[in-house]
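Pasting in a structure now, in structure tokens, and then I'll have a few things to ask.
First chain written, first letter: the chains are A, B, C and D, and each begins at residue 1.
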Amino acid sequence: MTEVLLVLGLPLIGAVLLAASGDRPWAAEANTAVALSTLLAAVALTARVITLGPLVTMGELFFVDAFNVFLVTLTAFVGFTTAVFSRIYMRVEQDRGKLSPKRLRLYHGMYQLFMFTMLLALLTNNVGILWVAMEAATLATVLLVSLYRTPASIEAAWKYFILCGVGIAQALFGTILLYLAAERVLGSGGSALLWTHLNDVKGQLEPTVLAIAFVFLLVGYGTKVGLVPLHNWLPDAHAEGPTPISAVLSGLLLNVALYAVVRNKVLVDAALGTHAAGTLMMGFGLLSVIVAALFLSRQKDIKRLFAYSSIEHMGIATFAFGMGGAVASFAGLLHMTAHSLTKSAIFFAVGHAAQKTGTQIIDDIRGLIHVSPAVGWGLMIGGIAILGIPPFGVFASEFLILTTAMKDHPWATPILLLGLALAFASIFSRLQAMVLGESTAERLPHPPALFPVFVHLLIVLLLGLWIPPYLANWYRQAAAMIG
Amino acid sequence: MIWFDLVSQLLQSLLAILLAPLLLGWINQCRAWLQNRSAPSLLQPYRMLRKLLEKDAVIAHNASWLFRLTPYVVFASMVLAASIVPIVATDLPFSPAADVIALVGLFAVARVFMALAAMDIGTAFGSLGSRREMLIAALAEPALLIVFFTPALIAQSTALTTIVEQLAHRQLHLYPSMAFAAVAFVMVLLAENARIPVDNPSTHLELTMVHEALILEYSARHLALMDWAHALKLMVYLTLGIALFLPWGVAQPGHWLALPLAVVAVFIKLALLGAGLAVLEAVSAKMRIFRVPEFLGIAFLLAVLGMLIHFLVEA
Amino acid sequence: MSAVTQVVNLLAAILLLIAFAMLAQRRLLRLIHLFALQGGVLSLNTFVVAAALSQPHLYFSAVLTFVLKVLVLPWILMRLIERLDLKRDVETLINIPTITLIGIVLVIVAFNLALPISQLAGTITRGTLGIAMASVLISFLMMITRRKAVAQVIGFLAMENGLFFAATSATYGMPMVVELGIALDVLVGTFIFGIFFFHIRETFDSLDIHHLEKLKDRQ
Amino acid sequence: MSLLHPVLGVVLYWLALGVVGLAVPIARGPHARLFFGLGAFGGFVLAFTGLAALGSWPLSMVLPLGLPDLPFHVRIDSLSAFFVMLLGFASTGVSVFAAGYFEKGGGGDIQLICLQYHVFLASMVMVLVADDAYLFMVAWEAMALASYFLVITDHRIEEIRRAGFLYLLVAHIGAIAILLSFGVLQLGQWSYNFSAIRDNLLSPGWAAVAFLLALFGFGAKAGFLPVHIWLPEAHPAAPSPVSALMSGVMLKTAIYGLLRVSFDLLHVQVWWWGVLALALGLFTAFYGVAFAAVQTDMKRLLAYSSIENMGIVLAGFGLTLIFHAYRMNLLAALALAATLYHCLNHALFKSLLFLATGSVMHATSHRSLGKLGGLIRRMPWVAATALVGTLAIAGLPPLNGFVSEWMLFQAFLLSTGLPNSYLNMFVPVGTAAFALIVALAGYVMVKFYGIVFLGLPRESSLEGAHDAGVLERIALVWLAAWCVVLGLAPVLVLRAIDSIPQMLIGSSLRESLNKTSWAFLTAMAPEHASYSPIVFVLVTVAVVALTFILVRRHFHGRARRVAPWDCGFPGLNARMQDSAEGYGQPIKQIFEPFFRLERHHPSPFDPKPHYRSKIEDKLWYALYLPIERLAARLSQWVGILQQGRIAMYLVYSFATLLLLLVLIR
């Protein structure tokens, strides 16, 4: 109860506070402090769930179950580390005159607002509120993408806005249809959109309606997940926004959108009693993997590169959830976790690298390891982790997904194999060229804030070697629920 | 019993070592006759050896220990080979030490040491010789192995003594595969022993020589050992041919009286083969080094054909 | 068929008509007027349903719709195009007959899709679900065909209207809290769009979105 | 206290050593001597632990690590024990050598190298003792990764980065294939530990899929055709001790995996798998030796020779499969023993030779054969030990290389009883090919040794070359000594490893080994074939001594040192000897169709005539570049998706929506 309020309230207050005074010299610290307190609240919430089990509070408005509890913690955690990272990063940007105090204020305010929307989307029990929060997340980030006001950034932000707006509108239609179906079972009024109730009666929901509803929901939230061919906003937004935003977009937004899709898939599967939804998701997943892998091989911009890698990994996770089954869903959840940690860590390193070399063009970044071993190794290890090389967590999930696929859907494995191999070749060749070799860059006045990078990578490493039992239990329960 | 074995073993080895130069002399004589030159005496090779052994050795400044060691190794391995091949008797204590494959390996040891020693001084001819020698060997060795495999398959064994006993002491039986093998064997023999048409033993014509280029830097006792080993090698090959393709007359295990008979038989066979070799050399001309691969390729082919024929008609 | 239903169906038909009109409308100013009109019809429709069924929260949402979609949003848009003096025409990418033809195809598709659903829906307004879906798709089409930022935004808002209409027709509207949230989002969204117009304007000194086609995969 | 504990203990010890080594910032010399010296003890322990574990009952443990429901299982049985022993013997020598080698520099930051090196060793051990698919894959990829970082130690050089990338790429693709193979093997039971996989009875079709995936995956590591291209690039790029480990030990882990999957985890073995392996192996071996013959860089030459040897091993593996599939288990045991024996031999002499090249590079800072020569007089220790290695790898009695080849020949010859007439015809031809390969290997090694150590130094700088340091000498002697021992006492070795055929095939060579004394190695039966290296050595030494004494006694030992005669040609100089190209030229000419040649002939009027010839791998152009082009074209097509036009993007999602709506109906 109180924890939930804290988790949601702190970032909201922080948003108001920083929107008012985000241009003060202490704003960055304040931002970090708020994020930290949010994290602590989330940890408290987690601890409570560990001890007391899932809970539903405030007139069933919010609920915490095995599926969203770890996502809440993850979100708060990545939010905090990103804040730590952006403290240094944004200072450098400011010193380089890329940001006016006004925009810094906007940045800090919107950052906290974004955190709020993410947490709201995760915690709410109401599918409608979930939609509202997702839309609000778009609104909160769109101005951050265009923070630099460069033509490119404005264009990127516009595309992000229009495409996600349209997509989310489809999701709304899907939600309405869901409500229509639920209403006939649960009666009209608020309870018909409460997920806990929907989950109880999912078997009785009207299949035809839910089938169509799922199409709209999948297209809608799938746009935010970045599934091919709805992905086109993603690389632009990642490449042109400030790096901390790229980090949270890849690390959090995509996760939450996928979370929304999966929540709805649970209902649809039960209602339809067929594997139609799963098949759709598998198709989208494979398409995303292969197309993203092909795109990877033609990237010149480092942030675009990793944006496409995000598409690829979201594709893998979607494929896993599409396959369904205890192991595959387990792997999908693990993959979400590992990917968001790794990818945000990579973006931190990329941010420093881009600042040191003053460019995002891959061919101009060389020999980072000589300029700053920490940045170089951070990028290298992060890249290795994201490429699914053990003993990192990403490998653990890919191991389970691939072996499952090999047995259940052998026809899919060649595509996955091709996708992974291509992605490896494309990313690693560039990574190696950037990290190793003779260097081009000069040192920066500010020491890089690399503690986040290595903390993330450490956790990912841990996930590959040893998963905490309660986390594993959550994964199992959630997987059982997802089916 | 074991004493008898040891005796026959020593007898055979000594016989081979001592008679090898004589065989060389005999072949040279035949050749001289065929080219109607006046032949050198049969004992000429012995005189050569003695002369060389008495001379002071002359060694290049930069010759390493490998260079000086090689003649002894080569000589020793040839002696070993000679004491493995059943020439007069089949129950030799040493023969279990090596079957045909090991025998081929033994030849390879000698060859490799020679090739290395030839490169040691760093003369143009040395490396040229070793390259050509290794090339010829690389192509001859497989052929030789396959040649050996045909009788090995017939006898279901690669142990020489077993093969010989199988072939010699069972009732006469014609093996077409052996005919192929025999032809291939002769070709390999010519190549391995630096005879015409592959190499010319009696030339120092720099651009065509192979074997002579290898031992170019040797003198005195080292050269003597090399030549002796070379003669011994020819001897071993001929006796191998005898053992595999016309083994009749070899002494049965434990037959004292058969021994002298066997010795006589071997003498006759060697004399005939030597003469035949001389004829062969007289009628053929030396070929270009890059014709040699074709030559040995044919040998290889014949050997493989022999093996396949064995499977087709005999197995 | 009850009188209310007839009224509702009439209003729905008008909505569809307006949607087509917007699809075919070249002038930006008229577009805004049409948008306001659409909002008006929408709120009227909601009001009728509310009256017929005496659903209190529908009254509220009718008022909300009116305030938001007839007064506030059009007013904001007007202000914007005055400030950006965009009284000029908006030209479409491909010629209007084709577009309207595609629109008709969409209507057919939408009706067929909506048929099974509307049979399930227990509302007096269920017949209009197909129209709602159609107007959503048509607004989508409009967004695709327009090449001026403002027009695209209006298309976006029209789509929002269509959704709202769907909500009322299929389920007598969403729960209150959700409706409020949606309204808030739409409002904020429009503001942000407004901000964007100025950014785009000052960066490219035109609101033609073909300036916004630079970002692609350079090879 | 089972035998697993020392093994795992050594793993931990190595990891700790690496971490501490990374942390301790002391001067290069002491650092190398201290940490690599300490590392050598681990290898020593492993060597004898493995030896002890051979034939002992399988021991397994579960570690408190890993995924939920899938903790790390470790297990040591005869097969693992054998390869652990192999790793131990090789790595002891290599570590001791490295202690001396890295002391003198040799690229890179020593602390980092220390970490990577020991992680590399530890992960290899884990691969060998892993008893579940997950741990296996983790260790496998950790091994690839660590070795990758070691390969790119001198990453400022562009070629080395390229080599490293190629290496890791192939390794990763191979790893995915292995992963999929496990996916097939676990049969949807979600139990990835091998003990559960053993109980799965796959249908022949799935078994074949699993085998082929495994063959491809492990082949990518072992350097089988056509996925061998990384090997000649990566091995030369690494520092010599690392090359030694990669060639000597890492390639064997691939063989281990292949044996584990096809004989332990899979139940059925089909004869055509064996035929495939045999043909592939012989072809690989021939390819390797032909390319080795024409190399001009000594480490590349050795790398290609590694390809050749792995090909031979694969051929032996294929024979084993064929025999086993036809239930001729005694012969299968013979072939398997030969295969394993060759693995062990190759581990020893290839490490030895790579280390020797390391000493040579340190002494001369040259890698190209065209710049070496005459080192036998400057570096007697290295030359002597390298000679042992050379003779061994050339397959000459009485050294170890000959033993395994002898046994393989026996296996080939005994294959005539196969109940398949095609195979009866095919295998003899294989025998012939094998004979050719062995002979060519001799050619290659004479070239290697002769050009590096013999003749006149081709560069004046070589006059200053110095012999290896004490540590290096110890390492070289250690490895050379084992080459000799394995050559002289094959029967003892075979008795030690006899439990492996027993375990994998259910039949062993015991009786045929016990028929005769330890001095006589026999195949099946003494009357069939026998070979005694001891007698070989004794007789040869006796004859040498006798001849020497007799010559001295009856004549004299006088010798004069003069200038070389050289047929009386004056002005002999180093450029007159064969260059590496020259020595390989006949092979180039005879096997021309295998190579992709680029020759630049000088014009007759050229004042400074210069001849250049470049030899490249045909497969690179026939296979890899087309794939690359295909990927490029595909990505071109995909690029159309991203045209930057927002209207198009909207159309995409619109179309998707409609499509799905129609589909879902």
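One rule holds in what follows: contacts are C-beta pairs under 8 Å (C-beta built on N, C-alpha and C of every residue); 3 or more make two chains touch, one makes a residue touch a chain.
For clarity, every value in this text was computed on a predicted model and none was experimentally measured.
Trainee: Which chain has its C-alpha centre farthest away from the C-alpha centre of chain A?
Mentor: B
Trainee: Can you check how far apart chain A and chain B are, centre to centre, with Cα atoms defining each centre and the answer in Å?
Mentor: Measuring from centre to centre gives 79 Å for this pair.
Trainee: Using CA atom averages as chain centres, what separation in Å is found between chain B and chain D?
Mentor: Centre separation, chain B to chain D: 36 Å.
Trainee: How big is the gap, in whole Å, between where the Cα atoms of chain A centre and where those of chain C centre?
Mentor: The computed centroid separation for chain A versus chain C comes out at 31 Å.
Trainee: Taking each chain's centre as its mean C-alpha position, how far apart are chain C and chain D in Å?
Mentor: Inter-chain centre distance comes to 70 Å.
Trainee: Among all residues of chain D, which ones touch two or more of the remaining chains?
Mentor: Expected reply: 636, 639, 642, 646, 650, 661, 665.
Trainee: Mind pulling the residue numbers of chain B that touch at least two other chains?
Mentor: none
Trainee: Please output the residue numbers of chain A that touch at least 2 other chains, ranges allowed.
Mentor: Residues 158-159, 162, 166, 212, 295, 298.
Trainee: Can you name every pair of chains that touch?
Mentor: After working through each pair, the chains in contact turn out to be A-C, A-D, B-D, C-D.
Trainee: Which bits of chain A are touching chain C when the two form their complex?
Mentor: Of all residues in chain A, those touching chain C are 126, 128-129, 131-132, 135-136, 139, 142-143, 146, 149, 151-152, 154-159, 161-162, 165-166, 169, 172-173, 175-177, 179-181, 183-184, 188-190, 192-193, 206, 208-209, 212, 236, 239-240, 295, 298-300, 304.
Trainee: Given the complex with chain D, which residues does chain B contribute to the contact?
Mentor: 53-54, 56-64, 66, 72-73, 75-77, 79-80, 83, 94, 96-99, 101-102, 105-106, 108-109, 111-112, 115-116, 119-128, 130-132, 134-135, 137-139, 141-142, 145-146, 149, 152-153, 156-159, 162, 204, 206, 216-217, 220-221, 225, 290, 293, 300, 303-304, 307-308, 311, 315
Trainee: Taking the touch rule as given, give the residues of chain D at its contact with chain A in the complex, in rising order.
Mentor: 64-68, 133-134, 137-138, 141-142, 144-145, 152, 155-156, 158, 161, 164-165, 168-169, 172-173, 176-177, 179-180, 182-184, 186-188, 190, 192, 631-632, 634-636, 638-639, 641-642, 646, 649-650, 652-653, 656-657, 660-661, 663-665
Trainee: Where on chain A is chain D touching in the complex?
Mentor: 158-159, 162-163, 166-167, 170, 211-212, 214-216, 218-219, 223, 228-230, 232-233, 235, 276, 280, 291, 294-295, 297-298, 326-327, 384, 387, 389-391, 395-396, 399-400, 402-408, 413, 417, 420-422, 424-425, 428-429, 432-433, 436-438, 464-467, 469, 472, 475-476
Trainee: Help me check something: in the complex, which residues belonging to chain C touch chain A?
Mentor: 113, 116-117, 120-122, 133, 136, 140, 143, 149, 152, 156, 159-160, 163, 166-167, 170-172, 174-178, 181-182, 184-185, 188-189, 192-193, 195-196, 199-200, 203-204, 209, 211-215, 217-219
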